[in-house]
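In the two complexes that follow, subunit A is the common piece, with subunit B as its partner first and subunit C second.
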Partner chain A sequence: MSSIATTRIQRELKDIKESNNQSIKIELKSDEFNNLRGEIVGPSGTPYQDGMYKLSIKIPETYPFNPPIVSFDTRIWHPNISSVTGAICLDILKDQWAAALTLRTVLLSLQALLSAAEPDDPQDAVVAKQYKDNQKAFVKTARFWAQYYANAPGPRDTDCVEKLRKASEMGFYKDISLQALSTHSWDLENAIQYLTSC
Partner chain B sequence: MTQSDESSLISLTDEPLVVDLNARRRRRRRIRSTTSNGSGDVIVIDSPAEVSNPVAPRRRRRQRRSNGDSVVDLTCNDSVELVDLTTPASLIRPPLNRTQKRTDAAGLITTTSAPRQDLLSHEDTSPILKLNCPVCLEPLHSVIRAGRKICSTVCGHIFCRSCIKQAVRTCKKCPTCRKKLTEKGFHDIFLPIS
Partner chain C sequence: MASYFDEHDCEPTTSVHNSSRRTDLLRMLRLFLRSDVEEYGHILGQFIPDGESLAPPAAKSVVENLPRISLKDLDSKKDAQCPVCLAQFDNDDVIITMPCEHYFHMDCLLPWLQKTNSCPLCRFELVTDDPDYEELKKEKLGQKEREARVADLHSSMFG
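Entry: the complex of A and B
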C-alpha cells in the first residue's frame, strides 16, 4: 500500500476519533490499512432510525486519488443499495469522488442517502419501484429490515412477523422468505408462489 | 487599514462565522504589515521580496487576479459539497458558541472537531498554517517546517506540493473542487512568515 494512502488513513482514523460523532465509526479490520470496517447509525425520522449498519471499506492502492470501495455488510432495504449484495449507488463513490473527501464525509453522505433516497438513480430496481409505487409498503419493509437485520429497536409489525413465520414454516430459509415477501409487498400468496417456482 | 477591513480578512466560507478573537488579534498583527485587503475576502500573499510594500491598491489586485498568480482566494466553496473546511476548529468556531453541529453547504449536518491542542502548542503558528493539506491531511505548518512547498491551484485551492503534483498526474483535476487541472494549473505560494 502506498505511503500516502497509509498515512492518510492513519490521520483519518485519528480525526474521526477526535470528532466525537457517536453516529459514525471506523476501525481497522486487521493490521492492514486497506481493509476497514465502518458503522453508521440510521438517521432519525427514517425507517432506518437507530439501526446499526456495518460497512465494508476497502482502500485502493491509489487512495485518496481514487475512491474507497464501500458496501453494506448489514442488509438494508433502500432504493440506492442492493438488498442482496449491499452494493451502493452513490456519485461520490464513483465519478464524483474528489481526493479532499474523506471516509468521514463518505459515511456522513451515506447517512444523508438513508435520509433522502434517489429512486431515479437506483441500485436495486425492485426496491426503487416499490418506493415509487407503494410508499406504504416500502416504509413497512424498510423498517422491518432495520429491526430484523440492523437491530433497530421498537415493536415489530405483526403482519410482517406473522407472514415471515408462515413462509419459514413451509421450509423456506428466513432470509429468502423475507426477500420474497418484501419483493411482493407482503402478499403472502405471491411470495410463496415465487419461492416455489425458483 | 480600517476596522471593517479587519473584520473579514479571512473568510473560509460564506456563512457568518464566529472567529476566535484571540486568534484574530494574533493574525491581525501578523498580516497587517504584509498584506492589504480591501474587499475582505481575498488574501493577498506577497512573495518575501515584496513584504516591505504593505499596500496593494484595488486595481492592482484585480490585475493580478486575472493573471492568476499571487492571489489566493480561500472563499471558493461553491462546488465543494461535502468537504468540511472547518476541521481545525481552533481557527473558526461555528455560530452559537461551540455548538457541535453545523450545516454545511450541502445541507448535511457535520460535526466540527474540538480544538486540537497539539497544533496550538506552537505560539507563532499563523492560523492559516493550522489548516491541513486536504489530500494528505498534514498540517501546513509542519509541511513548511519540513522544508516542503505549499501550492495553490488556479482555482484557489491549497495543498502541499507533492500532493497536488500527484493529484494532477493521476486525476487531472483539483482534489477539492474537481476543476480540470494541468501541470501548469498550480504554483508555489510564499507565505509571509519568518
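Entry: the complex of A and C
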C-alpha cells in the first residue's frame, strides 16, 4: 500500500479515537490498513434508531485520491442501499469524492443518508418504489429490519412477527421470507405466491 | 436543395460547431436518462456519461501558476496541517496556495489536480483544458441565470 494511504489511515484512526463520538466506530480488520470495519448507530427520529450497522471499508491503493469502497454488512431497508448486497448509492463515494474527505466524514454522511433518503436516486428500486408509494409500509418494514438485523430495541410489530412465522412454517428460510414479505408490503398471500414461484 | 434557413430567410441563432453539437447530444441523453431513470437509467448510466461524472483535470498552465510558498510565509497558521495527508506542515515543505485560500503540500495537491479541477476542501473550481466541460459549465451558469430572471419576473408581478 502506498505510504500516503497508510499514514493517512493511521492519522484518521487516531483522530476518530480522540473525537469521542459514540455513534461511529472504525477499526482495523487485521494488520493491513486496506481493510477496515466500521460501525454506525441509526440516527434518532428514523426507523433505524439505535440499530447497530456494521460496514465493510476497503481502502484503495490510491487513497485519498480515490474514495474508500464502503458497503453495509448489516442488512438494511433503505432506498439508497441494496437490501440484498448492502451496496450504497452516495455521491461522495463516487464522483463527488474529494481528497480532504475522511472516513469520519463518510460515516457521518452515511448517518445523514439514513436520516434523509433520496428515493429519486435509488440503489434499491423495490425499496424506493415502496418509499414513494406506500410510506407507511416502508417505515414498518425499515423498523422491523432494524430490529431483526441491527438489534434496534423496542417491541416488534406483531403483524410482521406473525406473518414471518407463517411463511417460515411453510418451510421457507427466514431471510428469504422476510425479503419476500417486505417486497410485497406484508401481503402474505402475494409473498407466498412469489416464494413458491421462484 | 435550399436549407431550412434559406427557405425561411433567416440565420441560425447560434453557430453550430462540433463541440456545441456534442453538448446538445449529451444534454439530450441527460434529459432522456433523467426521464426514464427508473426503467433504463441504471443500465444506460454504466455506458453513457451523464454529466455527473468526475470533472476533468485542472488546466496545466493554471496549476503551474498557483503560488508556491513555505511554512514561514504562513506565520499565522503555524500548526496548520495539509488536508490531504493530514500531516502538519514542516519547515522544508513546498506548500501550494489555492485561490480559495486553502493550503496543501505540493506533492499532495498535484496528483489530485491531475485528476479533477476542484479544491479538495471546498470544491472551488479551477479552469480546465477541456472545451466540452467549459461549455457545459457555461450552459449550467446560463440556465441558473435564466431561472433567476424568471424568479425575479415572477416576484415583480406577483410578489
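Everything below uses one rule, namely that the second predicted complex is superposed on the first by the 198 of 198 C-alpha atoms of A that agree within 3 Å, B and C clash if a C-alpha of one lies under 4 Å from a C-alpha of the other, contacts with A are read in each partner's own complex, and residues count from 1 in each chain.
In this text, contacts are C-beta pairs under 8 Å (C-beta built on N, C-alpha and C of every residue); 3 or more make two chains touch, one makes a residue touch a chain.
Note that the structure is predicted; figures quoted are calculated from it, not measured.
Undergrad: Sticking to the clash and touch definitions up top, decide whether subunit B and subunit C on subunit A clash or fit.
TA: In the superposition, subunit B runs into subunit C.
Undergrad: Touching A:Phe65 in the superposition: subunit B (first), subunit C (second), both, neither?
TA: A:Phe65: touches subunit B and subunit C.
Undergrad: State whether A:Ala99 touches subunit B only (first), subunit C only (second), both chains, or neither.
TA: It touches subunit B and subunit C both.
Undergrad: Taking the superposition on A as described, I'd like to know which of subunit B and subunit C A:Thr7 touches: first, second, both or neither.
TA: Both partners, subunit B and subunit C.
Undergrad: So in the superposed three-chain picture, is A:Asn21 touching just subunit B, just subunit C, both, or none of them (first/second/both/neither)?
TA: first
Undergrad: By the touch definition at the top of the document, which applies to A:Leu108: first (subunit B), second (subunit C), both, or neither?
TA: First partner only, subunit B.
Undergrad: Touch check for A:Met170: first (subunit B), second (subunit C), both, or neither?
TA: Touch status of A:Met170: no partner.
Undergrad: Please work out whether A:Ala125 is in contact with subunit B alone, subunit C alone, both, or neither, and reply first, second, both or neither.
TA: Only subunit C is touched by A:Ala125; subunit B is not.
Undergrad: Please identify the positions on subunit A that touch both subunit B and subunit C, taking each partner from its own complex.
TA: Looking at subunit A, the two contact sets intersect at 4, 7-8, 11-12, 15, 64-65, 98-100, 102.
Undergrad: What does subunit B use to touch subunit A in their complex?
TA: On the subunit B side, the touching residues are 80-84, 87, 100, 106, 108-114, 116, 134-138, 157, 163, 166-167, 170-171, 173-178.
Undergrad: Which of the residues in subunit A come into contact with subunit B in the complex?
TA: On the subunit A side, the touching residues are 4, 7-8, 11-12, 15, 18-21, 62, 64-66, 92, 96, 98-102, 104-105, 108-109, 112.
Undergrad: Within the complex, which stretch of subunit A touches subunit C?
TA: 4, 7-8, 11-12, 15, 64-65, 91, 95, 98-100, 102, 120, 125
Undergrad: Would you mind writing out the residues of subunit C in touch with subunit A in their complex?
TA: 37-38, 42, 52-54, 83-87, 108, 111-112, 115, 118-121, 123
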